[in-house]
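Chains: A, B, C and D, in written order; residue numbering restarts at 1 for each.
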C-alpha cells in the first residue's frame, strides 16, 4: 500500500511562499509540513520543496546564504539518494547556488520585478516536475521575480540542453522566441532538472495556478507530477 | 555675527509650546526631554492643527471593533474573523530619497497592522507626481515604485493596487501614501497599552542607529525650501528581511499569548512608543537606554530616544514570560532586549549611564500636546474658478478625443506599476490590480474583502466639499462592482500649509464632504492620517484626500464580475443618473483643454447609495462585467472593458457630452443579450453593444481597437523608457 | 578608450542590512570578521584619453546618474 | 583588525543587465562610453594582522560564500 507522500516545505528566514506551497500540496493530496531551516533530519519525508520568497533577504546573492542553512546538507543527501526535490522561484535559486542544479539566476533583463502570468512550454517529461505533462503542452502560470534571468557558462548550457531543460518561456501558441522571453533567460529557460530528473527547479509559481477562482489551474499538472513522484511503496 | 536660535526653535517648537513644557515639568526641560516634547508635539505626531476637526467623521457602526486612535482600525467580519486597516503618508521622505522613502513607508504601515495582532495580507499605494515629461519626476516615480516593490515583495506582503495622478502641483512635493490590510482571529487582537506594575518592556528587532533623527518633526511637519538638502542625512534604509522576521516573531508571540501590549516604533522612536504604551495603560515606565542595542555606540540619550531606525517593536510582557519571549526572538534571529519596567504612577523615567536623563509625565507627551484651531477662510479665487466653466464645442470627434485621453499616464494602463508588485502571494487574490477594487478571499470561508483607494486632488481643489464626497462614492462603487458592500473607510488627508487660512478651509470642507458621504452610505471611518505642510517654496499641493475603502462580501459572488469577461454581442448598460453638464475636473477638460475651472457637480445622497446597492446586487446576479465610470466618462470606461476583453464596442448617444462627462453615481454593466437587469430604483439605459474591431461612437466618431489599445498600453512605458 | 573604476559605498551612519546579513553568514561559517559593508563597482570605458577630462566626465556621470548622492559616496580611479 | 576590499564582477560573456542598462542611460545623457560593467564591493574587517593569512582566509570566504564561481570572478585587496 501507499503510505507517505510526506513533503517537507523548507522555511528559511525570509521565505514567504511556504504556506501557499503547503496549501497546494494539501489540495493535491500530499501531506506537507513546514520545516525550519535549522532542522537537520528529513529522513521522514518523501519529498522536499524549497518555496519562493527572499531567503535571508536575498542579500549578497539570491540563495547564497540560504544554501549554508543546516537543512541543506540533508537536502543534498536526499537529492543524491533520488528523493524528489523541487525549488520554486527562490527555491530554484537556492538549488542553483547549492550546486544541485547547474547555472545561476541573475537580475531580469529590464531590471524590474515582474509579476504577471507567462506561458511555458513543456520541453521534457523526464523530471519530477513534468512527468504527468506532455511535451509541447503550453501552461499559463504566474511569474513573480526580480532575479529570474537564467545564465550558465556555455559548456554548462550545452550539457543542460541534452534533456535538462524542462520548461521554456513561450507565447500562447508554444512558440519560443525572444518576444516571449520575459526576463532575458538564456534559451528562454524557465525550469530545469538534474540528470536523474529528481531535482527540479523553475522560476514561475505553479502553486499560484491551482484553482479557477485564482485565474488558472495550469500549475496543477506540474505539482501533480511532483506529488505522483512521491509515492513510496512499502511492504 | 548671528546668534544661534534657542534649542526649542531649532527643534521646531514655538515659544508658547516651550513655556507649556516648562509649566508641565515645573522646571526647564533637560535636553533629552526637550527633544521628546518637540517630536511628540510635532504636527505629524500630535495632529495639533487637525485634531479639532477630525471628530466630525462618523466612526460608529455595530461592526467596528477598534475605531480611530489605535494603530489601525479593526472591523468584525463574523465567525471570529476581524480585519485591520490603516493608511499613512510618506511624502517628504519619498521626495528626499524616493526608493528608501517609499520602502520604509511600506515597512511602517505593515508594523501598524501587525501591532494589532493581525497578519498583514495586502498593501495599496496611492501616489502623486509631477508630469512625466520632466526627468526628475520620472526618477521619482521609478524610485517610488521600485522602493515599494523592493520592500513589499521581499517582506512577503502582496501589493494589490493603488492609484496615481499627475500634476505640476506635485512636482516639488510628490505624495506617497500606503495602506495595509490585515486579518486576524478575534482572540489575537492586541492593543498598545502597557499595564501591570512590574511588567517588562522588551525592544524587538533592528538595532538603533542615527536614522531619521528628528525625521518625523522635521520632514513631515515643515515645508520644503532651498535648505532641504541639509535635512538629507535623516534618510532611513529599509530592511524588509528584518521586518519579515519581526512579523513572524510577533505573530508567534501573540499566538502563544505572550504579550500584554505592544507598540511599533515609528516617528519619535522609543520616546513615542514608551510614552504611548504607558499613557494608554495609565501607568509609568522606567527605561534604561544602556540596554538598547545600538548600531553606533557613541549615541547620546536624545539620539537614542528620537531615532527612527526601522523594524523595531516594543512589547510589554509579564516577568515570567521574559525568557520565553527572548528565546523566541533568538529563534527568529532578531534582537530582543529588556529595556524597561512598568511602574505605578504616570512617570516616564529614562536613564543612561546611571543618570536620569528624562523624567516626564508620560501622558503629557501625547495628551497635553497643543491643540490649534487655526483660522480658516474660503479662498476668493474660488469664485473666479467657478465662474470659468469649460467651454464645450457643439460637436466633437469622440474617437480622436478618446485616443488623446488614453495616452495620458493617469488614464493609460497602470500595469507598468502593478506588475512590479507581487500581487498574488497568499493565494487570496480573486480580483487582481487592473480592475476597479481588488478582491481577496478569506481562505476557509466564503467571505471576501474588496479594497479600493481613491482620490482626486484636482476635483477637491475645485470644490473640496464636493470633491471629498465624490471620492468616497467612487471608492464605494469600486468595491461594490466586485459584490462587496462598503464596510469601512480609512482616509489620508494630504494638504498644504495649515497656517494658511485657505488651506485650513479646504481641510475642513473636505472633512465635511467625506463625512456626509460616509454617513449616507452608512460607512464608518475607522482610521486615518493627516499630512500637512505639503508645500514647497510657497506652492501648496492640490488638497488631496485619499480614501481607502474596505468592502465586505459575505458570501462573495459565485462568479465575480471582471473587466475581461465581455464578449461580442453582449449589451452595454449605463446604470445611474445622467449628468451631461459635469465637466469640471474631467479627464477631457484636463487632457484635451488643459482647463481647470467650473464647479464639479455635487453628489446626491439619496440616489448615490442606491446606485452602490444596485452594483452590489448585480455583481451577485451573475453580471459578467461591471465597471464604474470615473472622471474619464463613459467613453474611457467602455474602452477599458474593450482592452481587457479584447473586443470592440459600439456605443450610441444623442449627445456627445454624455460620453465624456463625469457625474458621480454611474457605472456600466455588460450583459448577455436579453439579460434582465431588473434595475428599478435608479435610471438604467442601454447604450451599446460589444463587438467589432473598433470602439465606435456612431456619429461621434470611432477608433480602431488595436490602435487605441496600443496607445493605452504604452502611455506609461513610453514615457518611462 | 580609458578604463575607469567607480566605487560607490553607502554613507557612514546609514544602516547596511546586506552587510549585516553577510557578516552573520560569515560568522556562522566560522570566519572571524568585524564590520562588513557593501558597495558597488562600475567599470567604464570612456572615449577620451586625457585623464583630467575623463575624471571630470565620470564625476558628472556619478553626480547625475551612477551614484545616489543622498545616501552614497563615490570614488573614481582612472585605470589606464 | 585588517581592512580588506573584495571586488566581485560577473564573468566575461555572461549577461550583465545592470551594465547594459547603465550604458544605455549614460549614452542617453550624452556621455560617450564603451563597455560598462557592474560589480560589487564587499569591505570586510578581518581579525588578524598577518597579510598572508588574511588573504588566505578571505580567499576561502570568497570561494565558499562571497562569490559564485559559476558566474563571478573576484579580487582581493588588503588595505591595511
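Going forward, a contact is a pair of C-beta atoms (placed from the backbone, for glycine too) under 8 Å apart; a residue touches a chain by one contact, two chains touch by 3 or more.
Fair warning: this is a prediction, and the values are worked out from it, not measured in the lab.
**Q** If I average the CA coordinates per chain, which chain comes out farthest from subunit B?
**A** Between subunit B and every other chain, the largest centroid distance is to D.
**Q** Between A-B and A-C, name the chain pair that shares the greater number of C-beta pairs in contact.
**A** Between A-C and A-B, contacts are more numerous in A-B.
**Q** Centroid of subunit A to centroid of subunit C, CA atoms only: how many Å?
**A** Going by mean C-alpha positions, subunit A sits 34 Å from subunit C.
**Q** In angstrom, rounded to a whole number, how far apart do the mean CA points of subunit C and subunit D lie?
**A** 10
**Q** Can you check how far apart subunit A and subunit D are, centre to centre, with Cα atoms defining each centre and the answer in Å?
**A** Result: the chain centres lie 29 Å from each other.
**Q** Subunit D: which residues touch two or more other chains?
**A** In subunit D, 65-66 touch at least two other chains.
**Q** Would you pick out the residues of subunit A that each touch at least 2 other chains?
**A** 56-57, 59-60, 64-65, 68
**Q** If a residue has to touch 2 or more other chains to count, which residues of subunit B qualify?
**A** Touching at least two other chains: 239, 241-242, 333.
**Q** Could you run through all the chain pairs that touch each other?
**A** Every pair of chains meeting the touch criterion: A-B, A-C, A-D, B-C, C-D.
**Q** Which of the residues in subunit D come into contact with subunit C in the complex?
**A** Within the complex, subunit D contacts subunit C at residues 1, 7, 9, 19, 22, 25-26, 29, 31-48, 57, 60-61, 64-66.
**Q** Residues of subunit A touching subunit D in their complex?
**A** Residues in contact with subunit D: 60-61, 64-65, 68, 96-97, 102-104, 106-111, 149, 151-154, 156, 184, 186.
**Q** Name, in rising order, each residue of subunit C that touches subunit B in their complex.
**A** 10-11, 13-17, 21, 24, 68, 70-71
**Q** Where on subunit C is subunit A touching in the complex?
**A** 17-18, 21-22, 25, 28-29
**Q** Touching residues of subunit B toward subunit C in the complex: what are they?
**A** Going by the criterion above, the answer is residues 96-97, 99-100, 206-207, 209-211, 232-233, 235-237, 239, 241-242, 295-296, 309, 333.
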